[in-house]
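Both complexes shown next keep chain A, but they swap its partner, so chain B is in the first and chain C is in the second.
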Partner chain A sequence: MSNLAPLDTIRHVETPEGITLSLRVAGPVARALAWGVDSLIKYGVLWGLLMVLMLLGGAGLGLWLVALFLTEWFYPVLFEVYADGATPGKKVFGLQVVHANGTSVDWPAALIRNLLRAVDFLPAFHGFGVVAMLVSRDFQRLGDLAAGTMVIHRQPPAPSPALPPGLALPPPWPLTPTEQQWLIGFAERGPTLNPERQAELAELLAGLTGGLRGIVAVERLRAYARWLLGEQP
Partner chain B sequence: MKQHPFEQRRTAGWQAFAAALDRLERRKGDKTAAPLPVAEFPAAYRQLCQQLAIARVRRYSGPLLDRLNQLALRAYQQLYRAPRRRGRAVLHFLVADFPRRVRADARLFWLCAALFYLPLLGMGWAVHQAPELIHSLLPPEMVAEIESHYAPGQGEVNRDAADDLAMFGYYVHNNIGIGFRTFAGGLLLGVGAAFVLVLNGLLIGAISGYLTARGTIETFYTFVAGHGAFELTGIVLAGVAGLKLGWAVAAPGRSSRTEALRRAAAEGVRLIVGVAVLLVLAAFIEAFWSSNRAIPAAIKYAVGAAGWLLVVFYLSRAGRRAP
Partner chain C sequence: MRLDAIAVELRPRTAWEATDLGVAMVRRWFGPVYRAWFVLALPLFLLLHLLCWGNWWLIPWLLWWLKPLLDRPPLYVLGHALFGESPDRRQCRRELPGLLRRQALAALTLRRFDPARSFSLPVTQLEGLSGQVRRQRLRDLGRPGRGAAIWLTVVCAHLEIALDFALIALAWMLIPEFVALEFFDLLDDSGAWGQLWLNVVGFCGMSLVEPFYVAAGFALYLDRRTGLEAWDLELGFRRLAARLARTGRAAAAMLLALGLGGLAVAPVEGFAAETSSPAEERAIINLSVCEQRRAREAQLAGSNSPVKRTLAETLREPELQACEILERWRFRDDDPPKEPPRPRSPNHDLARWFAVVIEYALWFALGVFGAVAAWWLWRWTPRARESRQRRAAVAKIPLLLGRNEFTEPPGAGLGADAWRLWAAGQPREALGVLYRGSLAGLATRHGLPVSASATEDECLRLVAVGLADPGLLGFFRRLTHAWQATAYAHRPPDEVIARTLCEEWPRHFAAAGAPSA
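For the complex of A and B:
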């Protein structure tokens, strides 16, 4: 059981300090939403600029075309290099572009992944990009594959509320570290389940709870968890 | 040691560390904790790595591990970020690195030049012999528009500085956009890049042949002479950058396809930056010099020839000597 790699989107990179960091790779939906927000911002700004520059006639048109060119190609590049790998849209959804080794993107990588967007966009609606994301291991579109980058979730999911205070009891016999982790996990994540389901799960550990039933069994497991976390009995 | 005492003993340190990170990332964070001095940052980071390793071995709970992992990741990104490019690096790229890279890809350069200039010359000769052939490439309205654009005596009167600026914007947006798309299109096994080269060769050849056959020689060639060297070379080099990608995907050699693509993209992107510089220069000349019909033809041709000499000398000689 413990030999199987968990089925999730976490990637591990080893740092020079000899520890592994976990990165949570972001999928197509979060990235498409971020792209949508970025598009709204880009075209909103360009539209506003057009309204102002039209007052200047031909010269204004020329300046606007330069602005259009810069926005189309360099808006994501500049934000990814100078704003910790996140365009405003990515920031809204807590995404970040990083190299495959977890470090922030530099100029060449940001340029490659955003110039190659022109191919990811083909044949329509980012078709190649989405297909590449679905078949590659780390949801990389073609630009990401060529640049050696990926998009990760910057923030871990919101932590569950802390264990409510209460009784702390030592378990009836020593538990292995993995068993301890499971017990603490159950106690901390319990509030995300309904009481009936919590009781059902707790009753499965009849040996540990001494055959207690219902909410009493749940409370007993919580007490063990508090003790394991270091609270005094 | 159990989890809660471990956490309580170190929370203050983690908060100071997080505040230092907020400051390094220039974001507004928790203002209550005093940030760590930057000089102590690396040591504090190594300490955090050790605490994360201990927390993992002791199987502390998920939220704590997530929190430490996130802190360590942010610090890792700050500590191992690539140095920012300085002005010197940009200058070195322009005077030495870019032409060196072009010479390193000489064979691909000649291939792309052939893909561009052979259709150009062939189509130019064919359309010169039989001008109606241009209709196989361009719709009649467009041919009429091109013809009136280069008709002698046209355009001199109504064009002013504002129009020049508008055309500059148009050339930047259009031509450099095509250059970037040529690079990207190379990823499709080189087909996209080769297509752009051949198509542009055919179009430019057809228009030149047609206008030559119709006798609007001076207005056309004085217009294209000035920026031709930079623009045509820029198109060919964009093709080189694109074909590098296609070649890496089609024939990765002993590397994996992804690895070959990453290496080719790292080289290609540096070529495409040079292409963008060439095309900005071309757009500038085209908008503000080529369009000026008050300048005598002899000067325009001389400047055009000087442009070619400059490009050939730059690409073949610049950066030969070690700095």
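For the complex of A and C:
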């Protein structure tokens, strides 16, 4: 087990320019909820439309059936193509449909993935779609697999707060970018940790703080973080 | 708990991403998790049928009611697999009584309707908390995780029902038509068989969803703890500390050698090293690292320069006292025989680097010299000279190769050029030049409409029809055949024939007033 890469739900896509994008693939729970919101919107509008069109009698009902057909098949397609790959429901949950290579979804892909909803719906109530999503690597339902698309989380985790002002010091050793991010993360997430835990963490880095202990070590790491964020010593 | 053995990537996630991680967890440990689920669920399902013989409708409800207990074995497996060990079925069975007994009554009564069941289960089962402490702990873990866990419960409940219907529909699709069953017959629970069938379907649906539900709740719990206790940072800091311990010594040596300034301890040593006498230096090098440090501090403190004295004072401040002396016993035999250490200049490493670089540069230069000499020698061998001359001869000929339009009249020396090509062993090129030159001549001198797309035969016909010149026609025909045989069959003509072609060519095509027979 230990030789496997750490488990995560990120797909790395390398662009032709050699930049690696990290896409955070979205799974069944958020997507089911987004689907619920979309259904509420769709059927709410259709219900209102029915009330109005009923006044026209048989012709009204015919019109409503046309509207039902168009909504059922093209509501997600249009939103996905023209609204950044997100239906209103997906927008609420910060989701976005993209191609498997990370580019935004186009007409053919949106059409295929939404027309194949019919297949995902089989045998009843999206049975195949749910199972495919649980089993496939990138939480793709059958329509996604056919269209080469996937659904990702668009919004990043909560933005980090600014550091309180204070001393800035250069770290005594050169640090890799990841290590710098750890230090900055420590400084930024300080307020969410209790002081004992902060001190405990800071004391792990005796090599950087020169064996300082307690709050002094925490402050020293914060000073390094400020320097890394560009503040002048 | 060993964080460095954790098998998931620790990073800040949104709650939804955490539930996704739960799905990915079941996917990775599918076998162990499902084995653990069926270790309890399947016997219980069968046992309930025995206990409630006849009252089949009761069983789905009882099974649903007992879900909090059924969740425990999968969580037990996930909790262990997360840290690199996955318990097998026997271990699960051994642990089972203990797992089930813990706070079972509360789980089945008061907390049965806890909408965030999957989120609080790890607190009960893995942290083993109960009562007031447990409540406090859940409050500490806080809202965001709990809110998502409630939605998770809602989604999973719906998924389970949807999958039940999907299974029934699937079965109905697979039933052949001659079995007179309607879809709604499959939902009929009035008979014992119908009831049992629905029980099986319900059990399958529950088995499909419940492990994912447990894992997603567990992942939410993990995410909250990662956030509150900064597990990701702890893991990162441990790795960083390990790296510093590994590279710290090497880096210090390098800084010392390069004399880089501006950083804490090493540069001070480098600075001091420049000013102390070789004898002092030798004495200091024989000491341990900490003693070296002390000695240098003493040196600095005793110096005349106020800057150095300030440095020494700074170095004595508690923040910079990173030195620690550890003493332990060891056998005398383990000590390697002591050689008197050679006096090392502080620039020793730098000098060695220079030496290595210069050595490689010299080897490289020798290699380049050898290659140039070999090439020079080869250049003057007879064969090389010959081929060079041939190439030079060819290069001088203004080739008509590759031209599609014949707007310029060919030069008079073309025949000689072609012969030179032939002599240089390039018959195809020679005949090509000759042939194209002829075409150019036909187009410009004789005014024939030679188009770029014309085939050889078309050109021949053009000459036969357009020019009443049997001599030229005969020459052109011979040339065409020679060219075709060479170009397409790789069968160049005899040298005699080629020679005549080359010599005859200017007569027909070159001079302005070309002789017509």
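What we mean here is this: the second predicted complex is superposed on the first by the 211 of 233 C-alpha atoms of A that agree within 3 Å, B and C clash if a C-alpha of one lies under 4 Å from a C-alpha of the other, contacts with A are read in each partner's own complex, and residues count from 1 in each chain.
Please note the rule applied: a residue touches a chain if its C-beta (ideal position, glycine included) is under 8 Å from a C-beta of that chain, and two chains touch if they have at least 3 such contacts.
Note that this is a predicted model, so its numbers are computed, not measured.
Judged by the touch definition given at the top, the superposed model places A:Leu116 against chain B, while chain C stays out of reach.
Once chain A of one complex is fitted onto chain A of the other, the partner contacts of A:Gly166 are absent, as it touches neither chain B nor chain C.
Contact with chain C, but none with chain B, is seen for A:Leu205 once the two complexes are overlaid on the shared chain. Applying the stated contact rule after C-alpha superposition, one finds that A:Gly18 touches chain B and leaves chain C untouched.
After overlaying the two complexes on the shared chain, residue contacts for A:Leu61 are found with chain B alone; chain C is out of touch. Using the contact criterion defined above for the overlaid structures, shared-chain residue A:Gly44 touches neither chain B nor chain C, since it reaches no partner.
Contacts of A:Thr178 after superposition: both chain B and chain C are touched. Applying the stated contact rule after C-alpha superposition, one finds that A:Leu229 touches chain B and leaves chain C untouched.
After overlaying the two complexes on the shared chain, residue contacts for A:Gln155 are found with chain B and with chain C alike. Once the two complexes are overlaid on chain A, the chain A residues touched by chain B in the first and by chain C in the second are 155, 157, 178, 185. Interface residues of chain C, counted against chain A in their complex, comprise 5-14, 16-17, 19-21, 23-28, 81, 84-86, 151-152, 155, 158-159, 161-163, 165-170, 172-173, 208, 212, 216, 227-230, 232-234, 236-238, 240-241, 243-245, 248, 251, 263-264, 319-322, 324.
Contact residues on chain A toward chain B in their complex (touch as defined above): 15-19, 21-23, 56-59, 61-66, 68-69, 72-73, 84, 98, 102-104, 106-108, 111-112, 115-119, 142, 145-148, 155-157, 159-160, 177-178, 180-181, 184-185, 188, 228-231. The touching residues of chain A, when paired with chain C in their complex, are 1-2, 4, 6-10, 24-30, 32-33, 93-94, 122-128, 130-131, 134-135, 139, 153, 155, 157-158, 172-173, 175, 178-179, 182, 185-186, 189, 192-193, 197, 201, 204-208, 210-212, 216, 220.
Chain B meets chain A in the complex at residues 1-6, 25, 45-46, 49, 52-53, 58-63, 66-67, 69-70, 72-73, 76-77, 80-82, 85, 160-170, 172-173, 176-177, 180-181, 183-185, 187-188, 192, 245, 258, 261-262, 264-266, 268-270, 272-273.
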